[in-house]
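Shared between the two complexes below is subunit A, which has subunit B as its partner in the first and subunit C in the second.
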Partner chain A sequence: MSRVRLYQVAVIGGFVLLLEALCVGGVIDKVTMPPPHRIVVDFVKLLTSKAMYPEIGKSMGNVLVAFVLAYVLGIVAGTALHGYRTLRDTLDPLFATYYAIPVFAFYPLFIVIFGLGDGPQVLIGVLLGVVAVIVTTLNGLDRVPSVLRKTALIARLTPLQTALQVTLPFCAPYLLTAAKLALAYAFIGVIGSEFIMARSGMGYEIGFAYTNFDNATMYPLILLILLLSVVMNGVLSHWEKVLLARRGQQ
Partner chain B sequence: MKDGGRRPLRNAVALVAGVFACWQIAYWIVGDVALRSPWQTLRFTVELTQTHLFWLHLANTLQAFAAALAIAVALGLAIGFGLGMHRLSADAMEPMLVALYSIPKITLYPILLLAFGLGMSAKVAFGAIHGIIPVALFTLNAVRGIKPILLKTGRVLKLDASAMVRSILFPAAVPEIFTGLRVGFSLTLIGTVLGEMFAAQHGLGYLLMNAIGLYNVDVIMSVTFLLVVFAATVNGALLAIDRRLHFRA
Partner chain C sequence: MPAPHVTLHGVTKVFPAAPGGQPVHALGPIDLSIDKGEFFAIVGPSGCGKSTLLELIAGLVQATDGEIDFEGRAIAREIPDGIGVVFQEDACFPWLTVRDNVGFGLRETVLAAGERASRVDGAIAMMGLREFAGSYPAQLSGGMRQRVCIARTLVAQPRLILLDEPFGALDQQTRLLMGDEVLRVWRETGATVFLITHALDEAAMLADRIGVMSARPGKMIDVVRTDWPRERDSRIVEREQFGAITSRLWKTLRDESMKTMGRMTTSA
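For the complex of A and B:
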């Protein structure tokens, strides 16, 4: 375990040092990328100045809304769909090819329909995430042992009670995987949309800083987004591992 | 596999019919302001494909996509095999690759633009970084999951590293690797088109972005339609091969 950690630290540290050396040595020029220590200094400045807080709040709020919507809708749809074999078979090719479809291509259409605001961005995040949640939920429900279902029948639980008290709790590790996916897609959807076309938000600010060669704003913001997504993903992964360990599956 | 030949076809037909029905209904609700009906879109798509300019953009996108895919596959396989064959590297790097996989890569685009400049190479790089990680991840897990007995057999036969990859690791890992290639294909395509949307002067993504600027709903609908049809068709074919490989294994 600790050897693995050491390896990871060495890889990240080595990568940062390499970048630092390349930047200081002039292989990467200053217009392209400031040296990592400079980015860290700018990062601290960005967070202490509070000027970006409204943008950060807006983006994170949209990410949160997209995540919750995709997650809840996906689990509800997945649970409902699990009972209908034919419908599920019909939708299966859609699920399988869904992630080959460039969902961002629909962003312009959504802007035209809903106007340039939070709606289209959240919608893109939801559209990206919801299918992953549905597929993962279905996967988990497929693995519920029939003895649990029978027990629910004997206890005369309604389908809703069965889902809430028996099958979905059994799927908890799968639901955590689904949460990870939904969160990642919410990030990609919202930040990506802001990037392509928006009036505010972190993605928009990065694009704006880019056009103005404002590396002192751009790199810290990019760093912040990467950190946020990696940390959130890490927390969910850890939780998932704990849950699996408790069930003796790993 | 008794009625396996007909059932997927029935499902696909039902699905396509369903999608077109939903589209038509959406058109009736939203109207001409923002949507076109399936029939209008098909007609305009045919018109669009008869213009010379369209083929120039398409060729540009395909060129960027092919280059990005080649890079993604080559690097992804190299990383996957390199790490997968070494236990500690695999254990340490797999979670990091997963974390990289989940970050919104679109935020890295400005960095790529600064590094490569506007144009073909930035697009290719952007497409490639979307594809490399899934290919590497699937390959890594496939190589790591190979039955130890196969590796022992290889060692008994005193195979060197390259013979080991060629005659044992690769054949044993092919089904999983192919899944990685399929996912990598889709993501590389998305990456390339996204790259064109954000900053390019050519390609389908540019055409789309330009149409948004001009509020040309016909073009938006047709280009989106073409992209979806292309992605779904290729992915469907890859998926069929994928299933066959997994079935055989």
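For the complex of A and C:
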């Protein structure tokens, strides 16, 4: 284990121990938050009881759909915009200010349009992620050195072959960054929407447990979301790191 | 007398005006004939259109006027078969190993796998990269990466090799040694070589003939024959004639370079 990784583990471990001490010592009221060891016990119980599996499945399914849609639409739109300068220049101000728009404010409108089902939640996940993917894709495409395109021309590659054998591999680290962003926004969008008006899902269950002081459900679910998000992002980050290291960029 | 391999007749390139600007007359008219198996170098002041000339011959850009023939066929709107280019910039694909980089030029060919592998191995060995075949470009020095690019060009067995300031980013010692490598490749392959360089000594050492270009719009203002033997290497710089050639090149180029500098000062 590297020294940096050791420090990272020590910081997280230290934080958990501090929290444990504060909870056990009564500084943090147990109604507010149970000690971390209790959360872990409840977490195991929650997973072994299987009671939350439908909720977890629904939320993760929606996160996956939102992620895939945001990612695919973002890459397609980014690639198209890269080829149409005027359209890109027209949309640039929107991209620059996009994250100042509170997408959640449109949730009632989406419910009117799509009903109370999963549609609005997925749509919010997509809307949050898609622009990040577009911007990152454009960023990657802008950086493809012209000399690599010329090399492809000299090798007499067709435009499709150039896209698949030169442009796409060159942009791979950028596309992985886009995937990380799309995944994070899909989590935020879907779980966040479930808090507001959904009738099921992990976000809804956390909100419900909160209202009923059900810490034995609320904290394990929060921990589960945290773990899922960290593990998925960790896998993508590791992959990105391997790619960048191979290119001498890390 | 050897047959002309590449001929240029009245080749001119004018780049269209940028918004609010004027069209740029970059090059020409240029008339030139390069023999089969000849090593021809071009020198000229910065911005005179040397690289544009190379890209015109490679078919990467289209001439505004005039005609370019390669092996008797006009180059127009597509990259001709039998041409390889080594660029000044690092053109290694960072996600591919040396072996895969070298093999890139053969990806879309109809060669059998065995023949392909044998050509890749041959090019890797020729450029002294055998023990680095599994390395990624990031693990190599600038000179070695340029050798990978040369190997990738050689693997396609081009009959015309275009070199666009391929040693521009290298230190002086490496440049001399790379010059030896290029001379060896030229002798062993029998290909015609067209070299663009800003280094007069490099042109004088490597080429059979050196074309001197004027300031923009670049025109051929002199062609210097070196009369070097085909078997030569960087030690040729010790010869008295070497100094005479570089002196002649500089004498012709000095005024043109001053014009370019004047233009730069004016535009600054």
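To be clear about the criterion, the second predicted complex is superposed on the first by the 235 of 250 C-alpha atoms of A that agree within 3 Å, B and C clash if a C-alpha of one lies under 4 Å from a C-alpha of the other, contacts with A are read in each partner's own complex, and residues count from 1 in each chain.
Just so we're on the same page, contacts are C-beta pairs under 8 Å (C-beta built on N, C-alpha and C of every residue); 3 or more make two chains touch, one makes a residue touch a chain.
Here the structure is a predicted model, which is why all the values come from computation and not from measurement.
Enquirer: Looking at subunit A, does subunit B or subunit C touch a larger number of its residues?
Expert: Comparing subunit B with subunit C, the partner touching more subunit A residues is B.
Enquirer: Just subunit B (first), just subunit C (second), both, or neither: which does A:Met218 touch?
Expert: A:Met218: touches subunit B, not subunit C.
Enquirer: Have a look at where A:Arg246 lands relative to subunit B and subunit C in the superposition and call it first, second, both or neither.
Expert: second
Enquirer: Pick one for A:Pro93: touches subunit B only (first), subunit C only (second), both, or neither.
Expert: first
Enquirer: Looking at the overlay, what does A:Gly25 touch: subunit B (first), subunit C (second), both, or neither?
Expert: neither
Enquirer: Inside the complex, what are the residues of subunit C that reach subunit A?
Expert: 58, 60, 79, 81, 83-85, 87, 89-91, 93-96, 104-105, 107-108, 136-139, 152, 156
Enquirer: Which bits of subunit A are touching subunit B when the two form their complex?
Expert: 3-5, 7-8, 11-12, 28, 31-33, 89-94, 96-97, 99-102, 104-106, 108-109, 111-113, 180, 183-184, 187-188, 191-192, 195-197, 203, 206-207, 209-210, 218-219, 221-222, 225-226, 229-230, 233-234, 237
Enquirer: Under the stated contact criterion, what part of subunit B meets subunit A in this complex?
Expert: Going through subunit B, the ones touching subunit A are 7-8, 11-12, 14-15, 18-19, 30, 33-35, 88-89, 91-93, 95-96, 98-99, 101-111, 113-115, 183, 185-187, 189-190, 193-194, 197-198, 208-209, 211-212, 215, 217, 220-221, 223-224, 227-228, 231-232, 234-236, 239.
Enquirer: Which of the residues in subunit A end up touching subunit C in this complex?
Expert: 145, 147-148, 150-151, 153-157, 161, 165-166, 169-170, 172, 243, 246-249
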